[in-house]
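Let me begin by presenting the structure, written as structure tokens, before commenting on it.
Chains: A, B, C, D, E and F, in written order; residue numbering restarts at 1 for each.
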Amino acid sequence: MKPSPISATVDFDAPGVSHGFLRLPYSRDDAAWGSVMIPLTVVKNGTGPTALLTGANHGDEYEGPIALFDLAAKVRAEDVSGRLIILPAMNYPAFLAGTRTSPIDKGNLNRSFPGRPDGTVTEKIADYFQRVLLPMADVVLDFHSGGKTLDFLPYCAAHVLPDKVQETRAFDLVRAFGAPWSCRMLEIDAVGMYDTAAEEMGKVFVTTELGGGGTATARTTEIAKQGLRNLLIAAGVLKGEVAPRATRWLDMPDADCFTFAEDGGLIAFWADLGDRVEAGQPVAQIYPTGRTGIAPLSVTAGRSGLLVARHFPGLVKPGDCVAVVAVEV
Amino acid sequence: MKPSPISATVDFDAPGVSHGFLRLPYSRDDAAWGSVMIPLTVVKNGTGPTALLTGANHGDEYEGPIALFDLAAKVRAEDVSGRLIILPAMNYPAFLAGTRTSPIDKGNLNRSFPGRPDGTVTEKIADYFQRVLLPMADVVLDFHSGGKTLDFLPYCAAHVLPDKVQETRAFDLVRAFGAPWSCRMLEIDAVGMYDTAAEEMGKVFVTTELGGGGTATARTTEIAKQGLRNLLIAAGVLKGEVAPRATRWLDMPDADCFTFAEDGGLIAFWADLGDRVEAGQPVAQIYPTGRTGIAPLSVTAGRSGLLVARHFPGLVKPGDCVAVVAVEV
Amino acid sequence: MKPSPISATVDFDAPGVSHGFLRLPYSRDDAAWGSVMIPLTVVKNGTGPTALLTGANHGDEYEGPIALFDLAAKVRAEDVSGRLIILPAMNYPAFLAGTRTSPIDKGNLNRSFPGRPDGTVTEKIADYFQRVLLPMADVVLDFHSGGKTLDFLPYCAAHVLPDKVQETRAFDLVRAFGAPWSCRMLEIDAVGMYDTAAEEMGKVFVTTELGGGGTATARTTEIAKQGLRNLLIAAGVLKGEVAPRATRWLDMPDADCFTFAEDGGLIAFWADLGDRVEAGQPVAQIYPTGRTGIAPLSVTAGRSGLLVARHFPGLVKPGDCVAVVAVEV
Amino acid sequence: MKPSPISATVDFDAPGVSHGFLRLPYSRDDAAWGSVMIPLTVVKNGTGPTALLTGANHGDEYEGPIALFDLAAKVRAEDVSGRLIILPAMNYPAFLAGTRTSPIDKGNLNRSFPGRPDGTVTEKIADYFQRVLLPMADVVLDFHSGGKTLDFLPYCAAHVLPDKVQETRAFDLVRAFGAPWSCRMLEIDAVGMYDTAAEEMGKVFVTTELGGGGTATARTTEIAKQGLRNLLIAAGVLKGEVAPRATRWLDMPDADCFTFAEDGGLIAFWADLGDRVEAGQPVAQIYPTGRTGIAPLSVTAGRSGLLVARHFPGLVKPGDCVAVVAVEV
Amino acid sequence: MKPSPISATVDFDAPGVSHGFLRLPYSRDDAAWGSVMIPLTVVKNGTGPTALLTGANHGDEYEGPIALFDLAAKVRAEDVSGRLIILPAMNYPAFLAGTRTSPIDKGNLNRSFPGRPDGTVTEKIADYFQRVLLPMADVVLDFHSGGKTLDFLPYCAAHVLPDKVQETRAFDLVRAFGAPWSCRMLEIDAVGMYDTAAEEMGKVFVTTELGGGGTATARTTEIAKQGLRNLLIAAGVLKGEVAPRATRWLDMPDADCFTFAEDGGLIAFWADLGDRVEAGQPVAQIYPTGRTGIAPLSVTAGRSGLLVARHFPGLVKPGDCVAVVAVEV
Amino acid sequence: MKPSPISATVDFDAPGVSHGFLRLPYSRDDAAWGSVMIPLTVVKNGTGPTALLTGANHGDEYEGPIALFDLAAKVRAEDVSGRLIILPAMNYPAFLAGTRTSPIDKGNLNRSFPGRPDGTVTEKIADYFQRVLLPMADVVLDFHSGGKTLDFLPYCAAHVLPDKVQETRAFDLVRAFGAPWSCRMLEIDAVGMYDTAAEEMGKVFVTTELGGGGTATARTTEIAKQGLRNLLIAAGVLKGEVAPRATRWLDMPDADCFTFAEDGGLIAFWADLGDRVEAGQPVAQIYPTGRTGIAPLSVTAGRSGLLVARHFPGLVKPGDCVAVVAVEV
């Protein structure tokens, strides 16, 4: 396979704090010899594990980028035991555009793994993580939130895995992170995901969903910063002590957790995030927008549990995911 | 002045419930003899005042349209004493597009009054309200929320007016509405506003800000529906009794309430809506997005009070309003 | 009022055939000192009236431009008695784009009269016709067809006018044109139309609707060419003899002739152009496109008569004109 | 090969009439967990063959969708012997946009077979037909028309095939369909076509070209509805009797049937659909649009026969197919 | 007339160097309460005249913005006698977009004077200069270059004016500026220009054309910086001594200086900027791009002189200005 | 592998001068049976080598297309010994759009080799060159310039190759071309290039960089025309004598020749093309555009030598190539 066209402007093995870029050559109409410059910080000190930390895998999710730009700006080399590789905006073109996918190629980075060195810009980023960055890592934390079209109860999560040692280490870090909610996920369709790429290499992989709507609140920002610090300490790569925080565990056992719209219109919810809903009862109504005087259509929950995610925009389209219900464990 | 090109497909004086449209001829490339069809419900019964009820003056604000599509679908003529004129989506092209302004002409309807019969589509809508609908009304309720780029504490509001009888009647309706917060507004720059157009005709005008971010929650939807019902009963146009709800009063005395960004980047708030902030202290930080390792810039509050509105998207541009602080009274 | 910024590259008074342009300065991002170049032919010979001949007043109507580009390419000066001023593509930017309105300013030229010398590109064209070209003319022929979104039975038409001498001369030319159908039009809303601008100056004004759908057939092309020749001979500006052709007369007495859609969807007609329809009976059905298994909505004729125009595209939007019914006289 | 990500919301084996969707997950900026919902009706009763019926393989062709939305809305289970699988809008995103290809990925569905389960949206649709729907079918009817840029004499057609039993059965159904014209097609370049995919599985495949220009007339709509009914009866899947209709047979023997433009401009035809043209004689003229006074360029027929298809829009571009001539047999 | 909605964040009368913004409120879909922030530097020291200095009146012209951002970053208050008001990017939205006109409203700022306080964004900028900034100024220097579509010999210029004292002072500053070429301009069509607005108030107005093509070279940048310094010293607002530079004077007496294209295509020049051309001789050839084997069309000079400006892009459109010829004096 | 869908309308073996097209079928929304028509001239006379001559491999580079449209229009068969295959606009869709890459598929033709017969339009063009045109050629000349975003000192170049006979023949032609500068290139990353495709077949391949900025000057046009003539004579395919011209030789030994921007802003160069620069010294400064009063950032040369290429537009983006320095040999 061809080498990646991406080059880093910093040395991953240099001690201390190094700020730089991944430079990805990208020839185009407005820059014949242009590049995408993905900001990168590497912190190396002494011996210890390597943590690979990413935000904006989807470009419209903000708690992760805030926590990681903040960490990169403040971290001192002497606080580290091992190495931090920090990319606050993994799909950088999407992040700058404020969109889930890349404005260059519409690539959804989290469905593009293992990528290609001679593919689109998004595929080149995936390939660089697959073949260069993931192999360096022991622990991988990839921040997600709901983005502009979904909103989530804030939780940290890991996957149920065949290797129970690997799984246990991941859930230990989820517990250390200490989000208000924690989630055990059984991934059904893992094709193309960064999660899967990392886990198949045996890495300890942790992810989050910390809010959504294309914004971050002071509360969710604080969850991200505190959780990041706790996780890095628990992983042994940051000095200090974990600040324990209570968490409640959730499970999403099957496809009945997800409700999709069959009609478009103006959506009005009957329940907010964290509310308890019952199977077969309406979670929302959809008003047709072409006329007044028409009764709205009800959208029902497929199972009983907590409303953990919902469609965010005021208008809904046929096929959109309206609600996700999880079971408390 | 020329007559409006808009025609209503229902009779404003017919008794009972009539559902129809304002038809606004709009010739364009994809419809040589096309029209904009703005949904409209008129309910007339017995004698009593006329209430003119509007949502989606800005097309990305949703509590009002939900409450009004719902009212139009459920209201029975016998519950009314007088007349309801319901336009759940006043700037209908903007509402369908999910945008603040009209996708046809970029018109901000709430800055387009008194409008023009031979102007743009948005100006034609304004003109029809100015010369046809407002003159029919006694009470005007215009629902607003923050839209996709702002988020608000939920409040109902009216303006301080030179005519104290008119002002008192408006604040009586604000109190009846019963939102969690109520606001006295001293409008400085009222040029082109629907509010001003209504008030200058002597109408009792009430408005709201009920949330934002381009969505509606179950909670804010309920505030809108309950408030609408209460207000219409208090105004004497709907039969029934006002369901009293507690409210707290706010004031925004001067320009120091508003903080604007001078730099763009990734925004992280230090306070959430309803939190108390102090003059001169940071309400948010802006991280430059071009590099890691740079200290964020602080954005400070201009006065002490409650954070009643904030910038919503995760990225901020120079010139955006970051925060609004109000004083509790 | 300021002078027009438009200049002609040919002399309107030079004998013989002159091909050139109206040059309209138009500064823009891709041409700081650019211009719109509207093709123009002037033919002058001996004494006689001036005929001003235009196509593509709406840019997606083709019989007129074909007949006029053809005339401009073939006409010999010795065949003329007086003067021909030929502009095959009056709204030239719209014509090049194949759109009803101008891609530059979305201007509908036939709603832009009298125009402005310091307005948009479309308004500048209208102003030049209003103040320079129309004053030169005795007879004005403005070709129309249905464009991309409407289709018409082929007819030539003139307006019922207060000045009966002017009216009679126009209908004489309509009869000479000899389209399969001829129409007496009582213009209700004449604001901004080229027709009105010409008639108010006392010019003899004739127009057509010769097909539509954004194309021309061999048959409608032949109607346009033959009619043009006949009309110019009857007007005394072209030598030769009128080739008589049978025509049938139509009338559109009121607004009931026009049927508009209140719903969008897939449209299926029950009648074709020239078919007889009855008041209150369906002319078309609209199938909702979001689901199968739903009964289509019927659209009915407002009066009995011939179907003389119909919505053209396979999908219809709320507010589109679906059908026009005329009465045979 | 991976399983298709598409799931049907109805059971293909359930007796009676089932209306539902193919749900195709499609994550994008405006719907993180969105889907394309392709309307689908399945009718099953007793024993008998399965007919797979599709319209809008190209999204701007309308006779098929009308006939199939109509059938889906009216068909009763007791009229069926076997099974109907009805997809009135096969490339549903293209159909909603009114475009030949998908607005999502510019995919021409009829050049995308056999498709890919991990490809673009259009490729996923093709793959689902290839691996799920086609294997269920005995008879396949795929409606086409000319779309927005071509216009056709209305005909039903099948391919000359190596398997003469399969071929004979197809032409029997073409004859039963009873369009005004019927066509024997020898496909030269069949790469990626739905036709080929079906025929290679041994299915009896019938197609049509029933008009064009991006619209449907009452006449072509009736041809589609009657032909559909006749074909289904002849195929033994619908009860009733074939209503015989006269048809005339056409052949398109080689590449000389097709004439392409080498210059762009305003196109004027010398012949209409169904007219007889002679090899070497002009079928159309192209007027350059940059100036007046230039002789038009002639476009000639490559062989003698009937004009069975023509370029539709009033402007033509270099490389466009101007005319198709077929031989009557 | 209404007050301007623009406010400055700095005090124009404060001594020392103040960096800030003009804040222009601009409500839009992506910022309900957004603003345009136009960078501004004010330097005040002692007594003396006020110089108003602007670049990017057209957003794709770069020598001026470079010289003014540079001056703003380096100037010390003690070097000034009077006041500098520096706006390096007058039409700031156009400057950020790299386009001649504003991406917001397509406004050409230099054709928008005197502007309107309630107009478009560009008209509001013009109005603020007209009513606030120009009245403060004694000397006005407005930098121009050719932008992306024209290229110029570098010259400084002023207008022939009715007030000969005003004219003489302007030409004294042109001479002090010391560009390689200097130009006396007799403005024919001055409607809407900033130049005219300034001159009608009696201000001493100087402008430049310093290159073009949407770039700046080291050479033209140096001309701008040196000329700016010289002019400010000569105007008495900057301390120091004028560094004399040789200049040659040009005149553009009439419309024959300008040659426009009547055809589009690939343009090849026979002369470069500064070359001598003769009336009636070709300055360029235009190759049609639709075919090979066609002779190119010649474009000729309307008078003899120096080629001082030319069309820049490799393709030319009908109506574009191809060449400007000036006379040396 | 499938055959190419492209067909030539001329016979490559016919004696004399033949003008025609490569016709590439391209079905799309605005032309169901449309094609891309790439202009082509073939000149064949007697015996001798075949020269394949191309311009607009990148669509915004103009010296090559001018020289080749000119040659195609003027060349006489009797001047040729062998065969010329002339494609003045290789990536024709990009050339018509004035963009580096194809507006159809964003394809960079010079990174698309060897192409695919069933790929995108750009890949189909590459495949036709790879499998049809290159095999016919002995000598290949592919004209390049800097395009809209780069500017170059004018040079002709060839690659250092493993086959020294092939290399020597190429450099002999570079010397004959006689550009002001000549360059020896050691291609590091040759993936997908036309150059490599030609060289791997053993063809003698010569290329150029003759200016840039998206324009051509009289001077660079003359270099292209003279060099083309000289090269064809030296290659033995055109009769006549080489007109010797002085040239200076350049070398670009390693990656230090290239400098990239890490920040965006307004760029001001300290050196122009052809100026000598020193390693470690600034070649340009970048002014941040968000505020005044900030010191610009310096961009330094990585090695000493001549500035042979530079970023062209006035604004620069992070990742753009700012400068290329070469060593004189």
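Operating definition for what follows: a residue touches a chain if its C-beta (ideal position, glycine included) is under 8 Å from a C-beta of that chain, and two chains touch if they have at least 3 such contacts.
In this text, all values refer to a predicted model and were calculated from it rather than measured experimentally.
Comparing contact pairs by residue number, the interface of E-F is reproduced by A-B among A-D, A-B or A-F, since over half of the pairs coincide. Averaged C-alpha coordinates put the centre of chain B at 43 Å from the centre of chain E.
If you average the Cα atoms of chain C and of chain F, the two centres end up 49 Å apart. Among the residues of chain D, those touching two or more other chains are numbered 21, 37, 60, 262, 290-291, 313, 318.
By the document's touch criterion, interfaces exist between A-B, A-C, A-D, A-F, B-C, B-E, B-F, C-D, C-E, D-E, D-F, E-F.
Those residues of chain B that touch chain F in the shared complex are 262-264, 290-291, 318. Listing the residues of chain E that touch chain B in their complex gives 2, 5, 9, 21, 23-24, 26-37, 118.
The part of chain B that touches chain A in the complex is made up of residues 17, 19, 21, 37, 39-41, 60-62, 65-66, 69-70, 72-73, 86, 88-89, 95-96, 98, 151, 213-219, 221, 266, 268-272, 275, 287, 289-296, 312-315. Chain B contributes residues 58, 60, 99-101, 106, 108, 111, 146-150, 189, 191-192, 258, 260, 262, 313, 317-321 to its touches with chain E in the complex.
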